[in-house]
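Please go over the structures that come below.
Next, two complexes with chain A in common: one pairs it with chain B, the other with chain C.
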Partner chain A sequence: MSERAELLLGIADDELVLGWRDSEWTGIAPFLEEDVAFSSIAQNEIGHARALYELAAQELGTTADELAFDRQPEEYRCCRLVELRLPDWEHTIARHWLYEEADAARLERLKASDDPEVAGLAEKIDREEVYHRMHAQMWFDRLKDEPRFVAAVDELRPLIDVRDGHSPELTELWEQMTEVRRSQPAGTTW
Partner chain B sequence: MGQREDEFLEYVQSGGQIEVDDWMPGEYRARLRKFIEMHGNSELMGVLPEREWILRAPTLQRKLALTAKVQDEVGHAQLIYRVVEDLGKPREQCLDDLISGKSKFHNVFHYPTKTWGDVGVIAWLVDAAAIISQKALLKCSYAPYARIMKKICWEESFHILHGRDVVLTLMLGTEDQRELVQEALNRWWGPLMQFHGNPIPPEDDSMFVWRIKSQGNDAARQQFLDGYVPQIWELGLTVPDPELRKDEETGRWHYTEPDWDELMHVVTGHGPKTADRLDLRRAARENSAWVRSVLLAA
Partner chain C sequence: MIYEVFRQERKGQAFQHAGSIEAPDEQFAEWYAREQYGRRGESTALWIAPREALHPIEDFVDELNRNYHRVDGYPLKEKLKEARERASRAAAGDR
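Right, the complex of A and B next:
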C-alpha cells in the first residue's frame, strides 16, 4: 500500500471510530442541546471519514463502505484514544478536546501537502472542524476547574499517539458496527 | 361554562388561534399543556428504539441518515418542551415527571426494535402515522404550537423517505432481508393500528372540541390506511390482518378491531420496553447531574 493510502486510512479510521463513539451520546447526553451537538459532530466526523476513504478507495480499487466495514479489527489504523468506550461526560469532553487539538495540527500539515487532492480535502474538512474546536473549547473552559475533568485529560492525553495494537474495545465496537452487514453475504445491498 | 369560556370555544371552533399571553380557560390550558408535554415526551422517548441501531447501521450512508433522523427527534423534543415551558412547566420538571412515570408517552415507543427491519418499518410507517397526527395540529388553536409543527412535519416527511428507502432496499435484496421486513411489519401492525387512539366521535374528544387537533382519531387511522396499505401491498408485503379491505362504495377501510386493552396497558407504563427505556433515561440523567450543577453554578 502506498504511503498516501496509509496516511488517508489512518486519518479516516480515526474519524470513523470517533464518529461512531460520539454517536453513542445521541439520545442520552446531559442536555438536549448536547444531544443535538454531539449527533452533528458524529455526522461530520463520519462524513470526513467517508471522503477520506473515497480518496483511498480510488487508489486501492475498492469502496468507502468496504474500507469502513469489511476489514478485520486489527487492520484499522486508528489511535487508542478514539476507540475507547467512554460512557461519562468528563472523559468524553476530555477526548473531544484532546482530539480536536491534535486534529487541528494534523489538518494544518495536510493543507500544506503538495498533493492537491489531499490538501483540498483537508481544507474542506477544516471548515467543519472549526466548529468542533469551538464546541470543545467551550466545554474545556466550563470544566477546567473540575478535578474529575482534569484527571480525565491527564489519563487520556498519552493515548493520542498510541497506534500500535488495539484495545478489546475496538473489537467490541467493530462487532457491533458490522453486525447487520455480516448477517448477509458480502456484496449484499443495504 | 361561563360566557367568557363560551366565547373562547366559539372563537377556536371557528378557526381562531390564540397566543401565549392571551386569556384561555383553565381547562384548555391544562389539557393543552398535558397534550403538548406528552408529544415532547414521545419525541424524546422515540429516540431510544432507533438509537440502539445507530451503532449497527450497515453502510456509511445509513449511519449518517439514521443519526440525522434521531437527532431531528431530539430537536423536536427541544422545541416542544419550549412551548410547554411557555405554558408554565419547566423542561426539568417535564423530564423528572417522564422518568418517574408520572407523565406519558406514545404507545409505539414502548416496544422493542429487534432487527434492522424494524428500523425501516419504524422510520417509514411509525413516522407516517405520526405525521398524520402532526398535520392535524398545523391548524391548532394554540398558535405557538401550530408554528413549530410546520418545521416538525417538514422534517418528518424526510424520515418517511429514509424509512421507505431502507424498506425498499431490503425488499429488493435477499430472501432473508425480505423476511426481516415482513417480520417487522407483523410486529408493528398492532401498535400502528392502535396509534391514533380509540374511535371516540370527534364531538366527544376534548382535543377536537377545543380545536387543539383538527381531526378525530378514526379519520386519522383511515387516512393512514388509505395512504400506506396500497404501498405496503405494492412492495409485496402482507398486512397481518385477514379482515383488512377497502369498501369501494364508502371509501372506508375495514379492519380487525385494534386491541384497546393493550393500548391502555402499554401507555400506562406497562409496555415490553417501558421499564428498560425509563431506566436508561434515569441512569443517563443521574450520571450527568454533576454536569448540570457545574453549569448552573457558573
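Right, the complex of A and C next:
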C-alpha cells in the first residue's frame, strides 16, 4: 500500500471510530442543545471519514464502504484515543478537545501537501473542523479548572500517539459497527 | 440562560422568531443557534438575545372600547351584501 493510502486510511479510521463513539451520546448528552450539537459533530466526523475513504478507495481500486466495514479490527489504523468507550462527559470532552487539537495540526500539514486532491480535501474538512474546535474550546474553557476534567485530559493525552495494536474495545465496537453488513451475503448493494 | 433566536430567511426580509435555546453563555448560545437554525442554509442571518434583554409588552389598555381604532371594526362583508341586494332591487324596479 502506498504511503498516501496509508495516511488517508489512518485519518479516515480515526474519524469513523471517533464519530461512532461520539454518536453514543445521542439521546443522553447532558442537555438537549448539546445533544443536537454533539450528534451533529459525530455525523460530520463520519462524513469526513467517508470522503477520506473514497479518496483512498480510488487509489486502491475498492469502495469507501469496503474500506470502512470489510476490514478486520486489527487492520484499522486508528489511534487508541478514539477507540475507547468513555463512560462520562468529562472524559468525552477531554478526548474531543485533545483530538481536535491534534487534528488541527494534522490538517495544516495536509493542506500544505503537494498532492492537490489531499490538500483540497483537507481544506474542505477543515472548514467544518473550525466549528468543532470552537465547540471543543468552549467546553475546555468552561471545565479547565475542574479537577475531574484536568485528570481526564492528563489520563487520555498519551493515547493519541498510540497506534500499535488495539484495545479489546475496538473489537467490540467493530462488531457493532459491522453487524448489519456482515449479516448479508458478500456483494450486497446498500 | 434562555436565549431567543431570530432568523432571517433571505436578505432584506424581516427577522422572525425562530425559537428559544438554553445555553450556559452567549458563546454556547451562538454555537447551538448556528447548529439549530443555520446549518442547512435556511437562514442568511441570526440574531441571538438573552431573554431578559427583550422588553415584553403584554397589556394593552382600551377602557372605552374604542374599536373604531381598529381596521377590523368595519364589517365590510355585511355592507357589501346589503349593497348587492339594493342594487339588484333597483335593477328589478327598472324593468
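FYI, the second predicted complex is superposed on the first by the 189 of 190 C-alpha atoms of A that agree within 3 Å, B and C clash if a C-alpha of one lies under 4 Å from a C-alpha of the other, contacts with A are read in each partner's own complex, and residues count from 1 in each chain.
FYI, a contact is a pair of C-beta atoms (placed from the backbone, for glycine too) under 8 Å apart; a residue touches a chain by one contact, two chains touch by 3 or more.
It should be emphasised that the depicted structure is a prediction, and the values quoted were computed from it without experimental measurement.
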item: Superposition on chain A - do chain B and chain C clash or fit; value: fit
item: First (chain B), second (chain C), both or neither touched by A:A42; value: first
item: Chain B versus chain C as contact partner of A:M134, first or second or both or neither; value: second
item: Partner chain in contact with A:R142 - chain B first, chain C second, else both or neither; value: both
item: Cα-centre angle that chain B and chain C span when viewed from chain A, reported as a multiple of 10 degrees; value: 40
item: First (chain B), second (chain C), both or neither touched by A:W97; value: neither
item: Chain B versus chain C as contact partner of A:L32, first or second or both or neither; value: both
item: Which of chain B and chain C A:F69 touches, first, second, both or neither; value: first
item: Most chain A residues touched (candidates chain B, chain C); value: B
item: First, second, both or neither for A:W174, with chain B first and chain C second; value: neither
item: Lowest C-alpha to C-alpha distance for chain C against chain B (Å); value: 6
item: Interface residues of chain A shared between complexes with chain B and chain C; value: 31-33, 36, 40, 142
item: Touching residues on chain A, where the partner in the complex is chain B; value: 20, 23-24, 26-33, 35-36, 39-40, 42-43, 46-47, 49-50, 53, 64-65, 68-69, 87-89, 142-143, 146, 148, 173, 176-181, 183-185, 188-190
item: Chain A-facing residues of chain C, complex; value: 21-24, 27-28, 31-32, 34-36, 39
item: Sites on chain A touched by chain C in the complex; value: 31-34, 36-37, 40, 131, 134-135, 138, 142
item: Chain A-facing residues of chain B, complex; value: 44, 47-48, 51, 53-60, 62-64, 67-68, 70-71, 74-75, 77-78, 81, 91, 116, 169-170, 172-174, 176-177, 280-281, 284, 287-288, 290-292, 294-295, 298
